[in-house]
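The letters A, B and C name the chains in turn, as written, and every chain counts its residues from 1.
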Amino acid sequence: MNSIIDTHAIIESVQIGDNVIIREYAIIRRGAIIGDNVIIHPFVIIEEGVSIGNDVEVFPSAYIGKPPRGVGAMTRPMNFTARIDIGNGCVIGPNAVIYYDVKIGSHTLISDGASIREQSKIGSRCIIGRYVTVNYATIIGNDVKVQDHTWLAGNMEIGDRVFISGGVTTANDNLMGAAGYTPENIVGPTIENGVRIGAGAIILPKVKVEENALIGAGAVVTKDVPAGQTVKGIPAKIKGDYETNGNKK
Amino acid sequence: MNSIIDTHAIIESVQIGDNVIIREYAIIRRGAIIGDNVIIHPFVIIEEGVSIGNDVEVFPSAYIGKPPRGVGAMTRPMNFTARIDIGNGCVIGPNAVIYYDVKIGSHTLISDGASIREQSKIGSRCIIGRYVTVNYATIIGNDVKVQDHTWLAGNMEIGDRVFISGGVTTANDNLMGAAGYTPENIVGPTIENGVRIGAGAIILPKVKVEENALIGAGAVVTKDVPAGQTVKGIPAKIKGDYETNGNKK
Amino acid sequence: MNSIIDTHAIIESVQIGDNVIIREYAIIRRGAIIGDNVIIHPFVIIEEGVSIGNDVEVFPSAYIGKPPRGVGAMTRPMNFTARIDIGNGCVIGPNAVIYYDVKIGSHTLISDGASIREQSKIGSRCIIGRYVTVNYATIIGNDVKVQDHTWLAGNMEIGDRVFISGGVTTANDNLMGAAGYTPENIVGPTIENGVRIGAGAIILPKVKVEENALIGAGAVVTKDVPAGQTVKGIPAKIKGDYETNGNKK
């Protein structure tokens, strides 16, 4: 009812809510579900099996429903369910890519060009920054903020109320490809509730960063960080003198 | 006059110059202004209130005129004017995203996927590299080069003739989200005229890098850098032995 | 034969193989060559002079055939041949940008938003991660894996079986723009066969990393690394105690 659907859009789905706006050249595949008050900008693709909640805005050229697709060189098997759930009130930025088998809570922002791989889950009220890449099977809690360009490795867990600055790199393979893929060997860091990570920090595989710990800008974290502690440097060491962004000023 | 406008383009604007080429599926909204000798590639969107100078080329899927759009989780208020000015002779790369309330001088290159947020200004003869993200209210002078993947934080100032290598990270929030947004607390670094910044360097909030200073590759800059000095290391310290890219060879 | 070409696609080429699927709003220019069993998703552009092998899949909004395009501020001359060859079995991700004068072997994955500049060559069975940017005239061997966000500088050589983690930065200009472009002065690192490079490492211009060497996460490599050695730290030094990802645990 009262929806505005441009004649240049391609609408195969019959499950489109009320007060929806769909702009030119958007493509909504058969079986996709679109809630009420949704705005879909031009050149967006929403594939079959995708469910979009109410009050969601999807900016131009976002691609929701990418199948994982390997080549001969891939080592990890590609298992996925051809479903995506995006909760109420989310905003999906231009050029964002969301793979199949992803679940996103409500009121979360996926910024320009962010790419979220299969089997990942992102909670509610999160901000995933521009060009952040979330790798496969990574679980992110609620109220998490990840700034631009950060790379979240596969098989990684992030709690609630975590703040990750821009340009942060995580890793999940200590052997750097030398031993192929097994779920036991390829494990990213665990980031517990309330952790804050400074700009450009690097966190190595299997490291556990415990609750409310703080990682200084540019630190290389090679071993576990106890709850509430601040670490800095290369390799990162525990410091008691946190003042600014994890670095003494 | 003599313009070539593809029949698949959607042209709502009536202010289009001479000798313009607009390709398939480009969208030019009502009230947008397009100068002479402009080339617009397919899938480009130019929104209302955008003014494009003469001799500009806009590559495929660039999106010029994104409104800032928050979710419940955003802390900073979204104030902006729905205008963009792009000067003569600029080139806008594929997938670039330019938010409303941005002004770009003449003969500046915005490369593939660069994302420029609201209230930012970029001068003339600049090169903004691929996937560079410029955050809100950041002011960049003339003849500045920023290489690929660099992240320029919000509320940051950059002078003229600055060279910023690739993978550089800047920060503007010493408390990493712990205290919400105020314009006084959230302040990026100031980079003065002629500064050169090496690959992968990290520069912390409120730091002032004075004229012609040089920051070594990978340095973490936690305090002000005096004019003409070279700093390196973590945390960055003044060195007299600059030889190559800010690192002694 | 048996091809499925959507009526909304724009097909100027007459050299299209068998069992091809071309989706809505894809654009295939005159003179492009498309092999058998190729899938082209919506909003893809394939320009004149591009040759796509058999069994290739091209995801939405990929742009294959970008001409290099400078502005007044560019220092390097733009020489290129308006050709691209993509071998059999390759996968090109959404929003990937491939410039003219690029050759890609077979069964290579170019991931989401990767951008490959002119005069570069990428071998077979490689994985080029999301938002990796490959600069001009960079030569990459076979069986190379480059993870997300890594920046490969111009005029750089990479051997076979190299593993480069995410967030790695390379540089090719010791003077950071101070002396303009000459092919003798602007030279990236050389990475020999079997080298492994940890997350977030930085490698400076003209450095040679010899066969099977290992670079620790976050290292800043300022001088040559002998074959088989491990280096870590800032500046990187030779260590005999490699355990995990190049960092002692």
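What we mean here is this: contacts are C-beta pairs under 8 Å (C-beta built on N, C-alpha and C of every residue); 3 or more make two chains touch, one makes a residue touch a chain.
Source: prediction; values computed, not measured.
Shown here, the protein chains touch in all possible pairs.
At the interface between chain A and chain C, under half of the residue numbers involved are used by both copies, so each side presents largely different positions.
Superposition of chain A on chain B using C-alpha atoms only gives a rotation of 120 degrees, nearest 5.
A separation of 24 Å divides the Cα centre of chain A from that of chain C. Residues of chain B in contact with at least two other chains: 25, 43, 61, 95, 113, 131, 149, 167, 200, 218, 234. Across the interface of their complex, chain C is touched by residues 8, 24-25, 41-43, 57, 59-61, 89-91, 93-95, 107-109, 112-113, 125-127, 129-131, 143, 145, 147-149, 163, 165-167, 196-200, 214, 217-218, 233-234, 244-245, 247-249 of chain B. Chain B meets chain A in the complex at residues 10, 25, 27, 43, 45, 61, 63, 66, 69-74, 95, 97, 113, 115, 131, 133, 135, 149, 151, 153, 167, 169-171, 173-174, 176-178, 200, 202, 204-205, 218, 220, 222-223, 234-235.
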